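There are structures below to look over.
Across the two complexes that follow, subunit A remains constant while its partner is subunit B and subsequently subunit C.
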Partner chain A sequence: MANKKVDELGVSVAREPSLMTGAIPTQDWWDIPAVFKPGNYCYPGKPEMVAYHSKSLPGKFGEPRVWDIESDDWKLPENWKEIIINGFKERLDKFRSLKIFMDCCVRCGACADKCHFFLGTGDPKNMPVLRAELMRSIYRNEFTKAGKILGKLAGAREMTFGVLKEWFMYFYQCTECRRCSVFCPYGIDTAEITMIARELLHLVGVNTNWILEPAANSNRTGNHMGLQPHTLKENAEYLCDDIESITGIRITPSWNRKGAEVLFITPSADLFADPGIYTFMGYLLLFEHIGLDYTLSTYASEGGNFGLFTNNELMKRLNAKMYAEAKRLGVKWILGGECGHMWRVLHQYMDTMNGPADFLQVPKSPITGTVFENAASTKMVHISEFTADLIRHGKLKIDPSRNNHRRVTFHDSCNPSRAMGLLEEPRQILKSVVNNFYEMPENTIREYTFCCGSGTGLNTGEIMDLRMRAGLPRANAVQFVKDKHDVNTLSCVCAIDRATLTNLVDFWVPGTQVCGVSELVGNALIMDGEKERESGLRFEPLEGMEG
Partner chain B sequence: MKILYPFVAVLGLIVIATIGSRAGMEPLFGIVFPYLAILIFLGGFINKVVGWAKSPVPFRIPTTCGQANSLPWIEQACFDNPSTSFGVTVRMFLEVFLFRSLFRNTQADVYDGPKLRYGSSKYLWLFGLLFHYSFLVIVLRHIRLFADPIPFFVKILEFFDGFLQIGLPHLYQSDLVIVGAILLLLLRRMLLTNVRYISLPADYFPLFLILAIALSGMTMRYLTRADVVNIKQLAVGLATFKPVIVGDLGAVFYVHLFLVCALLVYFPFSKLMHLGGVFMSPTRNLANNSRMVRHINPWNDPNLKPHSYASYEDEFRTFMVEAGIPVDKELPAETPAAE
Partner chain C sequence: MTFQGKLAEKKSKIVARWIEAVLASYSADGASFFNRQKDRFANPLGFAAKTGLTAIYDQLVGDAPAGEMPAELAQFVKLRSVQTFTPSQAVGFVFQLKPVLVEQLGWETLLAAGQEWSELAAKIDRLALKIFDLYVEDRELLHEVKLSEYKKGNHVMAAGRCPSSALGGNSQAERVELKVIRDC
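Up next is the complex of A and B:
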């Protein structure tokens, strides 16, 4: 858990001098060095992880080595500046977004207080505009006439080790949530800038293990957790045992089955980690309830994609398994579980990177006959879209009172809201499966939603204080509905959220449980031949069944 | 420094134009510089936009600010999350002409607790809108100097801009508004701690420059009563490539013109290029239809393949067979021990 006590951190956020509390830094931002100390950085990638990725993507991950982030010798290659500047040039030529975002900012400051990292830390360089200036200043120096002639006056500065340290610090204090991009008059998207900055850092071997290791696992075993096929199946069987004790129904999902109609892919955390496992139980109950002809895959057993947090090549490679597996198994279409960044990749990148999926069919719900036209090309449907359609057509037998022990609010995850627009589907589901649903304040939901504070591979224990600070805006909104409506359940459609929000609310809003929307669905489903339910999917007593 | 340098730079430009025009260099300031400035502006602007256009948009990455096109009974936010080109056009119109995104602005405050609060904050939107529209009106009004006869829409514009009929010549509201808006934008930049901290000299310079342009223009109209007939002769001459300078047009005129030239030259190399960029931002000008229509990335590498299923199965086949998971290749039959 966090090193600081909750009161201590709370006082620090609200009282200690910072740009958020009105204190003006005495030095210009470019004169303030980034200082790494325990607790403010993620551990660097293990040499074997870097070596593993370099095998398949040579030159993209730098030299495998042991290095100390706190020291002033990062054991960088001798020509590291040249590598960065050339990499920068290459990406300017590959991404129009980067060029425009480097050129167009007028520093109006609309983004400044929209970032959860800034709100929680008050650190000026966590204002999206300054985060981008860290890179823009180098851009001006290397690639613009004004910067070359006027230098500092035009806001240009040279690439130095100090700048590299800043990049590593602040591009790993951005969760690519895109909230700033909603408010920017030019749509400047810090997520895009952070992604490219991280790509550049990887080129010179500046990285974090918490991202590289899951990505390596995912490549080899098919999932971030590194679960091998038999373990995956076993885990699912344990969860089916639990389902059986709770409902009396025995479910046996199939794995790697050729000829199934639908391939279902969800983040592996749903098979393994509390409270994701309850969401997984919800999926299985739903599929059993409607008699869906589906299969799970051990090879494509990861919905998430930590490649997104490294570079677009690794993202593409990891993502490519989904179509490869769908093709091998001969399914008609793919159904995707609840996950945030997974859906960023599926919605905005997959078809472009790994399509066309001409071996699949336009997704059609076998139960309702609804054709998912909005997924006509990618051929992948979100579980919330699928479930909302089932509910709309009255295909589910639901007893929402089974969730009466829960007073529920809904956290919009960054990517489904701002990179997709999946806002109503989960809400329609929730309103059908729970009786007590309350929205958080409007500035903190839908497209204005706040990140859990730990996305993009920052969900690691070594930066817990930072995560609690970054998650404060979200936690604060939960506290608001807890005070007002006695909310005790924070639902979401993201696997990282399920893990990180649990840490977050345990810290700031104790007594709140985090769950996936599908867990609430599973809880409410009246299964054929089930026994009387006394407990929910986590063996918690239902209303009227306590004691 | 961040404020002083750009301020001094603008003063310097004023001094240069005053001295230059008084030292018999009227043709330089009245004819050569304007042509040069226009050339640099056009060349620089086009160069920048073409430079942007040369880089592809590899991925379809709109920032979705509302409900997506989804199931038929779910109402889509057609303009904040458009899925058609019509929707995108409206979204871009709202963005360019009404500053839609700035309209969303809020201000966050932290209180003991810790508690965060987000208040509505529309003044940046308002100042920005006032500034840009008054600037536009003033630029359009200037067409009267370059065109003979004066186009009807310019006359209409002038009529409405001066319809309060204060003073003689009538005071244009756009003149007052632009000066007011610039001062408010300047004050905001200097007083808000966040914004002051992020500001660069390059943020103050255009504000001072445009303020000086507005003030020098207003001086000519309301105070020194510049010789409009001769100025128009020069302007029409410039526009028809037969420029002549008749009489003394006055130092203020040359200051005004030189500052405009400076703005034109500065424009393509500065943040002012947001004028072009706002149209080309991929998070705003693309439809959110990436699961419906395949977006093509010209540098997508088709040879980048996943870790293959075959090698995955090779590594885990024994476990898979033992766990009853179907495999493509069966385990090799147990080879009988060598005899």
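Up next is the complex of A and C:
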């Protein structure tokens, strides 16, 4: 009894167009408009932030103005298309990599299903190949003969306001995690395509405040929050009070001290944000344990570099102040904390932008004598490299049973793993300082790690829904080890991870805590003259001390 | 053959069509991938949908009283709660089982099943309500997570609190604030 009613019933209530993209499967991708709704975009930059950045980098940030992303009038300059196309041309001439990335994709599809945004949304424009195509189509139209002559047939299209909206939507649904690049047979770095797209958007004043304001604070005051010297120092003192309560040891870190051997730079979040503060306490205990001659700086008080999310000039400026401070203080080398994108900037761009740092010495551990040849040019060593070396040489007194209340897994933060190859060191540390360590499935760790879903300045509250769906693949793997091994702790080496994974697991895997690797080191270190430890660094009772 | 027998016999076809219909709420490219990729870590959405819907089908057509919500189905609902669906779109996938049953078994079978079909239809409706409860719980959890982040002061990073930003500012209030800070 076939009848019409069956067909009618078969039409799903969930088959309406997607609210985010308006996606209806029968349309070509470029006919599907980007639709902004509350929850799927970050708030635009405040005029005063745009004005501030424009003072030091004229012409790079567009006109300061109040504008509404949901409206069809973004108050763009009249010649905005010309600005974008000229900016595109300038960058094609300047960055050979961009030219190659625009030309050499053969659309094999290897990257298509590797992006966490695609896995959480099913939106084809979140396939890295198609996200890049948003730009390539303009590139073909403006800069290739085939595109100019054949137009759509050659995959070319004109720059329109609709395309600009697409760029703003999808290049801010990319966390520049570079997982897709691992699978690309040509090694196309899709993150760099996103970086250039964001640069071009900034030229016409299309931006987000969540990135511009911390970058302004960092440039002006020294860190994302704009914490002034006395506040930083006081925060550290509070944390030292806690260390004293827990261990009986009083630590007095030095600030802005000239002549120290090492300048230690970490994300400012480690000084004020839970759970980063416990990681900071771990650093201090480690330095005290080995008697390191180090200083902190109130000027270079930020490891993070939100310039990376705007344009290369601002990235360069923010990176440069770390080196300016190292020079001013006359230290021998720089030790860097558990940060994510700081290490990408450091390993991939610093040397070209601000290097070589020939006024510093090739880092050499004063405790083990190890020379860090890998940092011979940048003169900056990762805390995990430094700690793993100490452990390997048996220089730390460790009691891993103090972490017995934790069943730990490790999230490879995107930038340290894929941008600097930091894969083994954190694992070596974890295997020494905890007794219960479990890996997540192979295709979700090391260079295949899944992003937290909130990197590149997407860690803002107004897009929490987006962050949660983008973080699904990561959370899914955490859930697996929680079910299988009763894991209760997700460790990592990135400040953005520490903040955003906390939200992610609160939503997807409740009952899981997030911590830095150095927090677990701090728990395990047996300090000279310490009192009996009853709790970990966050005052949680140790195993056997619950009563 | 009994109605139960037919539901069991055609299970794989019915569930496959249901999954297909549910995944059609995503883009064609997305749906095709979610259906194709078998690795649960490379395709968490597809895995949750397929495993969850298969498990709940067994509960729906069986004699046993409704059991625990399969974890995979709960995860799928949680995901839909943060995707760009309206609430009805997010939970409406449950009802798609009905037209699939009509398609696969035919009206004659369903009408002949009488009371049994009516009971199954009621079970599907009850499941939809359960899923709606889950959806609301998930949305509430999302707001708790947002609030928790807010309480931790994350937002202050872009809240204009950096005192030195008042340097060169035009507003009287900013200058006064700066003076107060200097005097401290």
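In this text, the second predicted complex is superposed on the first by the 523 of 547 C-alpha atoms of A that agree within 3 Å, B and C clash if a C-alpha of one lies under 4 Å from a C-alpha of the other, contacts with A are read in each partner's own complex, and residues count from 1 in each chain.
Here is the rule we go by: a residue touches a chain if its C-beta (ideal position, glycine included) is under 8 Å from a C-beta of that chain, and two chains touch if they have at least 3 such contacts.
In this text, all values refer to a predicted model and were calculated from it rather than measured experimentally.
Novice: By the touch definition at the top of the document, which applies to A:267: first (subunit B), second (subunit C), both, or neither?
Specialist: neither
Novice: Which partner reaches more residues of subunit A, subunit B or subunit C?
Specialist: Comparing subunit B with subunit C, the partner touching more subunit A residues is B.
Novice: After lining up the shared chain so the two structures overlap, which partner does A:220 touch, if you call subunit B first and subunit C second: first, second, both or neither?
Specialist: So A:220 meets both subunit B and subunit C here.
Novice: So, A:388: does it touch subunit B (first), subunit C (second), both, or neither?
Specialist: Touch partner of A:388: subunit B, not subunit C.
Novice: Figure out whether A:228 sits in contact with subunit B (first) or subunit C (second), or with both, or with neither.
Specialist: It touches subunit B and subunit C both.
Novice: With both complexes superposed on chain A, which partner does A:48 reach: first (subunit B), second (subunit C), both or neither?
Specialist: So A:48 only meets subunit C here.
Novice: Contact-wise, after the overlay, does A:181 reach subunit B, subunit C, both or neither (first, second, both, neither)?
Specialist: In the superposition, A:181 contacts subunit B only.
Novice: Report for A:210: first if it touches subunit B alone, second if subunit C alone, otherwise both or neither.
Specialist: second
Novice: Determine, under the contact definition given at the top, whether A:464 touches first (subunit B), second (subunit C), both, or neither.
Specialist: So A:464 only meets subunit C here.
Novice: Touch test for A:282: subunit B only (first), subunit C only (second), both, or neither?
Specialist: It touches nothing on subunit B or subunit C.
Novice: Considering only the contact definition stated at the top, list the common interface residues of subunit A for subunit B and subunit C.
Specialist: The answer is residues 10, 13-15, 19-21, 25, 112-113, 119, 122, 124, 127, 220-221, 228, 441, 443-444, 472-473, 476 of subunit A.
Novice: Please name which positions on subunit C make contact with subunit A in the complex.
Specialist: 21-22, 24-31, 33-34, 37, 39-45, 75, 78-79, 82-86, 88-90, 92-93, 95-96, 98-100, 102-103, 106-108, 141-142, 144-146, 148-150, 152-158, 160-165, 167, 169
Novice: For a test of understanding, state which residues of subunit A touch subunit B in their complex under the given definition.
Specialist: Residues 10-11, 13-15, 19-22, 24-25, 29, 56, 92-101, 103-110, 112-114, 119, 122, 124, 127, 129-130, 133, 144-146, 153-155, 178, 181-189, 192, 219-222, 228-230, 233-234, 255-258, 298-299, 312-313, 316-321, 324-325, 328, 346-349, 351-353, 355-356, 370, 373-378, 380, 385, 388-389, 392, 417-425, 428, 441, 443-444, 446-448, 472-473, 476.
Novice: Tell me, which parts of subunit A touch subunit C in their complex?
Specialist: Those residues of subunit A that touch subunit C are 1, 3, 6, 9-10, 12-16, 18-21, 23, 25-26, 37, 40, 46, 48, 52, 112-113, 118-124, 127, 209-210, 213-214, 216-217, 220-221, 224-226, 228, 272-274, 441, 443-444, 459-461, 464-466, 468-469, 472-473, 476-477, 479-480, 499, 503, 506-508.
Novice: Show which residues of subunit B lie in contact with subunit A when the two form their complex.
Specialist: Going through subunit B, the ones touching subunit A are 5, 48, 51-61, 63-71, 73-75, 77, 80-81, 83, 95, 99, 101-102, 104-108, 110-116, 118, 124, 128, 192-203, 269-271, 273-274, 277-278, 280-284, 288-297, 299-301, 304-309, 312-313, 315-316, 319-320, 322-328.
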